[in-house]
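Quick heads-up: structures coming right below.
In the two complexes that follow, subunit A is the common piece, with subunit B as its partner first and subunit C second.
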Partner chain A sequence: MTTTMNIDVHYVTRVEGHGNIVVNVKNGTLEDCRLDIVETPRFFEALLRGRPYTEASHIASRICGICAVGHATASLRATEQALEVHPSEQTRLLRKLMFDAEILDSHILHTYMLVAPDFYKLGSVIALASVEPEAVSRALRVKKLAGDVCATIGGRHTHPITMTVGGFTHLPTVEEIQTLRTRLEDSRKDLDDTVALFKTLPWPQFERETEYIALTKPDEYAFIDGTIASTEGGHYETADYLRVTNEYLLPHSSAKRTRHQRGSYMVGALARFNLNFEHLHPRAKDAAAEFGMKPTVKNPYLNSAAQVIEMVHCVEDAINVCNELIARGIHTEALPKFAGKRGVGVGACEVPRGTLYHDYEIGADGKIVSANCIIPTGQNLANLEADMHKLVPEIIDQGEEQVTSALEMLVRAYDPCISCSVHWLNIQFV
Partner chain B sequence: MKPILILGLGNLLQGDDGVGCRVAQELEKRTLSDTIQVIDGGTPGIGLLNLLEGHQRAMIIDAAEMGMIPGEFKRLSAEDVLRAGAAQRISLHHTGITDTLALARELRIPLPEIVFFGVQPALIDWADGLSPQVQAAIPHVIDAILSEIGQAGEVPPAHR
Partner chain C sequence: MKPKVAFFDLTSCEGCQLTVIDSLQTHFGLLDVVEIVQFREALSGGNDDYDIALVEGSIASESDEARLKAIRDKAKVLVALGACAHIGGINAIKNLSPLDEVRWSVYGDEADWFEASATRPLDAIVRVDAFIPGCPIDRIEFIEVVKAMVRGKKPPIPDYPVCMECKLKENVCVFDKGGFCLGAITRAGCDAVCPTYGAGCEGCRGLVSKPNQGAMRSALAEHGLAADLIAARMTMFCAHEISKA
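Take a look at the complex of A and B:
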């Protein structure tokens, strides 16, 4: 008796949580090599449908506890595009400050707590803490500062409350910004020590020709808004993001994949580094020189090194933004009223893990008609798999343990949300 | 910063995992001594260290799998919790109390004197509200906490 089975997965959404790596090598031939994403869908796009536009950023920020500001900002930018609302310079500056802080928060934790233990052949940051207590203390210290910046402007550490369409419902005081500036300036030593530590680590040597994609702007290292750029050439308005992402489905993955001019592309710190290097703060460029990195870097493991460089940049940028805010003073600004017109809009941001798109249609009644959210981790999955396909044959002679370790480190280097789960990795050797 | 912290931890969306939060919410309705701060801490991960900072004594309430009857609860020391074993790998989303305390110990971060009240859950799964057994335990947990620190919020001599 034979059984025919057709599995048809509708309404697939995004990745968050577990992933399985499957590698089958038979008689030296790589037969199968893939990343199975088996996490259940999140259904955020469905959750947004029918909700008043004022709720969108609050719902969307719940997609992630680490990139909550990122999702909230992309959501607000999409709504503002749809409603033709133009944020003031003050709003732009406050959002930039929160963004710098969130990227710092995410990167410091990722590099020290998720990536660094591998270099010491340790299983966790607790083990690392007994070997390098000063380093781990430093990470917690910087994380606290970053969280406090977000809390001061956003109203709390996670899931900002004060951010809204066209501005803020509560503003920090100039004194609070001055305090943050002092703490940011005092953190420079911690960032220098971070560069000093990470540049000495034995980064794996691996390269693959890769297309890198990130937002760019003519005059700054882009995190919020910009045009979409590729190392293969081309610029796209964010409204045309679908021409870049080109999502498709795979049977072994509950997350969609993306591709552009090659079979896959990479987003994230390394992509931003490669495309926006000229706009890095001088201290960040110095850090890049310490790592011996300049565009175009094609080693995905160095995505974490690019994160260290971005941390230096974000501290300096945050200080600059504080200076501007202090010089301008903080002023109450009226928030926009809804004009009662239908609109569509795309918000694009560079969150810690890469380019994030929120795409909304808002009806004339102010309710969300439809939403599309493409997160960075989903955009990296095909590229991660392509890296695995190239890497495994190159290192297969090192034995199962080494190959397993190298693959784990590769996945972590991408800083995907799936590696945040403890039991995510399942490698089968045949 | 008040000397005594009563901190309820857990996830209100996961049934009995929210017992710590509910205890904190109940205590917030009461008038307690000025020396006591009550916090519904949710699931703070590494942020637990920030919540504990600056207090001299902390009572932490959370659901705990102790092999007991649902609704039963137990007073545990920080040592008891640490001995339960830290996870091999920490994730940003799942840093638990044990991991956080182990980390604080390695880093010699000064912590308040910590007492845990572990409440045995009946069900930890997507559920709105506590099981009847755990709901019924809340007044008793509160009594135990307040006895621990003294009704007026002062530490009884025997515990100093």
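Take a look at the complex of A and C:
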């Protein structure tokens, strides 16, 4: 059949940042199909250059309003590697607890507020509140819990205050951790109800052979540190991240793209699910069974389902971390002093949208000499466009409105953070 | 009739709009007193018929500037939402270096592919009727501002320094604990959240209207902060304001 189609979605809604979907089909042939990134660059690596290392994590957290804890943590890990600072077990546990909470917070926002309205053919979570009031109040309730966990430890949810090189400037009390543990335990029913709701949604059927990349650890579902693993095989130290990411630029996007063994790869909840399934908490594995999901899942729309599974995991992991902290007690710890030595370091974390790398060189004067950072959304862009190229011809007979809707849902499924993706690009200072 | 409200984001992390969404956790009734007609990050559809525009983000390109002017033309009331819109914020650090160098350092030979200009707050381009300071905005303060605006009143933003709130909380002074703090010249309203959590004020809410910058610099120097680090601290959020003064 002869089809001509011009889709131009200016500023995709319900995503973080500014992107446009552009599709041109002429006489049945797909001529153009892409996601334009039209966010104004913020030049974060240039902002960091010359600043004292003590400011880095506070500046870096401003890259993203959703995953501020993730950027702060990756920034601190890069600085700590560079300065040879080794955080204590207490610091490691408190960061892990904040990370669990931020993943939970971000995934609630994405699944309930940005993705779910599509399945009800509604424009927003506000409209959803009138047809599914209990679901929306559940989302707000769990989101508040996640935010309160971050605020109890970090002083504030968005852009945490207390996280610093080698530790924290303020510590929660054991009583505060006990209160959080009780609230986390009480949230299990909300998580069960979340699984029950999302497993009934009509997830679009679409698959494409894809390379998935995530951090991995031998003994836990990795969020902070680890080694880089690919579903195509191979393990890399985080310091060797450039061998995995291989960035390149395209004129229609102010974000750099990446490729590894295939033309593109995917990071995020689905990649973590596919690579680290065995380390999910048993309750999260049960949730996966409810969705009928087991590795390797190749439907990108199910990234949102993998997020629901991770939410279950993160609540259980947070409860376990609370138990450990309560058993150990909370102790004041001295923060490290700057040794006056030059160093380089890479920090890597699995933030809600995938693998995040911060790479710093810090001078003997304690100032940042150079910075490089690679953001999950930048890594996903090429893969998202590859999915768009396969998807459009498969559904083109359904008409422009359907194709537009399917593409918007696909973009949302990747949970792009476009503000983030243009903040950091590969950089060489001379 | 409920006022029609639209949210816009220019160059920012969108954390202030997320704080707006988070304010619904405790104040879902906000939706009863205003009608949200546009909020790209959270809802599809919408229209351009609005009374109040809340704009997050700073101006960092010609497109940003054009968008802001178009918003100003339509809005009866324009509110700067958060530090980037209010004072330029973190994004204004780049103004401390020549723009060409900044562009080249990030994009190299492809620098010309992407538009960029010096970072400015909204009121450098258009008239701004009110501002909600902070990085990010304070959730409680945001709710108070909405309450004031729907009653036609001016938002209750303090013009005294963070130090006052910090004293009321009976915090030990950050300087006395060996740290460094801009609380003496920074606009209050955050409940001194950073000093309360063991960190010095970084100035994210902008300066009070008559800041004694000289005395602040002297205090930092007397407590042992080197001149280059004083400059860094003073320009973390306030690079635009400091360069103006």
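Methods note: the second predicted complex is superposed on the first by the 401 of 430 C-alpha atoms of A that agree within 3 Å, B and C clash if a C-alpha of one lies under 4 Å from a C-alpha of the other, contacts with A are read in each partner's own complex, and residues count from 1 in each chain.
By our rule, a contact is a pair of C-beta atoms (placed from the backbone, for glycine too) under 8 Å apart; a residue touches a chain by one contact, two chains touch by 3 or more.
Computed from a predicted structure; not experimentally measured.
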In this superposition, which partner touches a larger number of subunit A residues, subunit B or subunit C?
C
Under the stated touch criterion, which partner chain does A:Gly65 make contact with: subunit B (first), subunit C (second), both, or neither?
both
Look at A:Leu140 in the shared chain and tell me whether it touches subunit B only, subunit C only, both, or neither; answer first, second, both or neither.
both
Which of the two partners, first being subunit B and second being subunit C, lies in contact with A:Leu109: first, second, both, or neither?
both
Which of the two partners, first being subunit B and second being subunit C, lies in contact with A:Ile126: first, second, both, or neither?
both
First (subunit B), second (subunit C), both or neither touched by A:His159
second
For subunit A, what residues appear in both contact lists, the one with subunit B and the one with subunit C?
65-66, 109, 113-114, 123-126, 137, 140, 143-144, 147, 157, 419-420
List of subunit A residues in touch with subunit B within their complex:
65-66, 109-110, 113-114, 123-126, 129-130, 133, 136-137, 140, 143-144, 147, 157, 419-422
Show which residues of subunit A lie in contact with subunit C when the two form their complex.
11, 13-18, 38-43, 45-47, 49, 51-52, 55, 58-59, 62-66, 68, 109, 113-114, 117, 123-127, 137, 140-141, 143-144, 147, 154-159, 161-162, 164, 168-170, 249, 251, 254, 419-420, 425, 427-429
Show me the residue ranges of subunit C that touch subunit A in the complex, using the header's touch definition.
9-19, 21-22, 24-26, 28, 31, 36, 39-46, 60-61, 63-64, 89-91, 93-94, 97, 101-103, 105-108, 110, 113-116, 135-136, 193-194, 196-199, 202, 229, 232, 236
Along subunit B, where are the residues that touch subunit A in the complex?
46-47, 49-50, 86-94, 99, 102-103, 106-109
